[in-house]
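Quick one: the structure is below, and I'll ask about it shortly.
Note that the chains are named A, B and C in the order they appear, and that numbering of residues resets to 1 at the start of each chain.
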Amino acid sequence: MLELRLVQGSLLKKVMDSIKDLVNDANFDCSATGFSLQAMDSSHVALVALLLRSEGFEHYRCDRNISMGMNLGNMAKMLKCAGNDDIITIKADDGSDTVTFMFESPTQDKIADFEMKLMDIDSEHLGIPEAEYHAIVRMPSSEFARICKDLSSIGDTVVISVTKEGVKFSTRGDIGTANIVCRQNTTVDKPEEATVIEMNEPVSLTFALRYMNSFTKASPLSSTVTISLSSELPVVVEYKIAEMGYIRFYLAPKIEEDEDESKP
Amino acid sequence: MLELRLVQGSLLKKVMDSIKDLVNDANFDCSATGFSLQAMDSSHVALVALLLRSEGFEHYRCDRNISMGMNLGNMAKMLKCAGNDDIITIKADDGSDTVTFMFESPTQDKIADFEMKLMDIDSEHLGIPEAEYHAIVRMPSSEFARICKDLSSIGDTVVISVTKEGVKFSTRGDIGTANIVCRQNTTVDKPEEATVIEMNEPVSLTFALRYMNSFTKASPLSSTVTISLSSELPVVVEYKIAEMGYIRFYLAPKIEEDEDESKP
Amino acid sequence: MLELRLVQGSLLKKVMDSIKDLVNDANFDCSATGFSLQAMDSSHVALVALLLRSEGFEHYRCDRNISMGMNLGNMAKMLKCAGNDDIITIKADDGSDTVTFMFESPTQDKIADFEMKLMDIDSEHLGIPEAEYHAIVRMPSSEFARICKDLSSIGDTVVISVTKEGVKFSTRGDIGTANIVCRQNTTVDKPEEATVIEMNEPVSLTFALRYMNSFTKASPLSSTVTISLSSELPVVVEYKIAEMGYIRFYLAPKIEEDEDESKP
């Protein structure tokens, strides 16, 4: 039997909103450790990894490890019906082919339960090795979202270049070129407004803006985003979920001649 | 001659917004008692009844009973041009084939008059007998609107079941099932947030959500809605219009096998 | 070399939003006096004239007069990427076929530069003679915008009639007629809410609402609008840009039989 009670139900709503356009169907894996998901996007280019640790739930009962295949669009439709202040409980009986989402209003005057059929989904869990990154940028998530959106009005790809001084986002399109530089800045009043760069060596990589824009739908989950870059590895765009875990997006860089220019 | 002056003109704007999508053309009936309308929706399934009593108008002159046929879409277009704080006056000369809507800004610096052709509309006034209902539910109108909208994302019909403990709204669709229970609750701080159930016998009826959603467009008119149910009668969904009257929607239940399950 | 630094960058964003739908391509003329534009709309019916005087810029360097042909849609796309509090600098090197827009965030932590190709655009600068107008109406720009929008839901043209008492906006369409009268009113608390009429002789002219609605996109630039009318001349709809200049729209009246009715 599975019963996961999450007081801050709006978290789960935001998680769904951030991945439902990227991934159609996926297996949610439940174990004693937590509630997690790993899935490729529908065009098999980007990878999403979600972890909600068991400690973050008010009540977490998972008798044995199970994997529940769900259509994320349908799951998102159901979670949209939860109020922002509702407590959400995910329930599944052993051997059942359905999952139930229960929404309780704060006053307990309104109780909803939504039942959804589970699906059989073939998926292999990819081992994602711990890696050393050439550069890690932490910046306000709203700023990163704004930059990706702005550059999309000019071009299709973004070159992200990191030096000790700052991070530069560049694009080029039919109507012209654009460069946006965010300087390292750790002396702000609010820590979530800082732009912090940890760099071992300069790096400059090109990515499809379409995916980056999709990743930024997770911005409501966290006021900061961490972008980890290495020239041989997919970029990791990570949004921490307070006291619970994270959502991480992985995307391989585009191989372009332009990319070589900025290498030392 | 007809001259009806309504200080709270926004009321009339809200009334039009709540019925213009349901009814295309209708006769407005004016008498010494008030300004009223009774009309079937364009697919002849639902009935709307509106009453604005003469006492609610600042000035109400209606020399003889008249019936004015109007296209509600056009009337709504004109009323949209009234400011929310404007005073609205409805004027018609005897024997005229036009009606004039006059809008006065609170400062009297802006005066608009909109003239619209009247139409000849065949209609028979249905006598709606006073009835005894098995159950009457009063609840916040925003809550009812939210429930109808949420269930529409899952299914096409709603089963409304009333017991002494509460009212349950259920639906079923391709992606799953949903049940939302609102408990009777009369001990809230604000009376308009109460959910109050008067029940003579349990009742469970099925309705098309499309119509219910259409009715909830009247929610801005009143913070509460009253739903009167009886197994042999159309449901009445009523929104009171403060100090003036009401707007009532009638809809016959669907006859389904499911319905029988919940009967005692 | 050209370098124009505008602290209140949002002004330039608003200017672009107000003309980009009316004019596709246009030459911006820079001289020691200021940054200006004069262009016909794409259907060659309306004329736009913009002036931003050099004194309004924090830094204004324009070594020699130049005319820069730009696609306004593309320019607007780039300016949309500037934050509302950003400082905008327009830069062009002598003989260059590109222009650069630089956006600096207030904290200087984010610096963006957008480079756009210039275009060769044939245009002749029309001399607009100073004229005497029969009537000049100054009124709140939001009120004028609301009236044009409201009348558009009824008809395609507006008759603007000015008398000493007020200004009347009228239209006629399939669903009826509408008249909106704004009375002269100079005794309001805030001067920007006044409606002030200077009249030498009564005037009544007909204009296409489509253009009027387009002009009102400049409303965010100024809380008041000035409408100058003369029976032999195009109307001038002017929005002052605080401490910098103005944007003016010119539109020839429609010649209609209706128009004659109101002439003395």
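The definition used in the following text is that a contact is a pair of C-beta atoms (placed from the backbone, for glycine too) under 8 Å apart; a residue touches a chain by one contact, two chains touch by 3 or more.
For clarity, every value in this text was computed on a predicted model and none was experimentally measured.
**Student:** Which rotation angle, from 0 to 180°, best lines up the CA atoms of chain A with chain B, given as a multiple of 5?
**Tutor:** Rotation angle between the two copies comes out at 120 degrees.
**Student:** Count the residue numbers both chain A and chain C use at their shared interface, divide by all numbers used there, and answer same if that is over half, different if under half.
**Tutor:** different
**Student:** Could you give the separation in Å between the centres of chain A and chain C, each centre being the mean of its C-alpha atoms?
**Tutor:** 44
**Student:** Can you list the chain A residues in contact with two or more other chains?
**Tutor:** Residues of chain A touching two or more partner chains: there are none.
**Student:** Under the stated contact criterion, what part of chain C meets chain A in this complex?
**Tutor:** So the residues of chain C touching chain A come out as 71, 74, 77-78, 80-81, 98, 107-117.
**Student:** What does chain A use to touch chain C in their complex?
**Tutor:** Interface residues on the chain A side: 143, 150-151, 153-154, 175-183, 185, 195.
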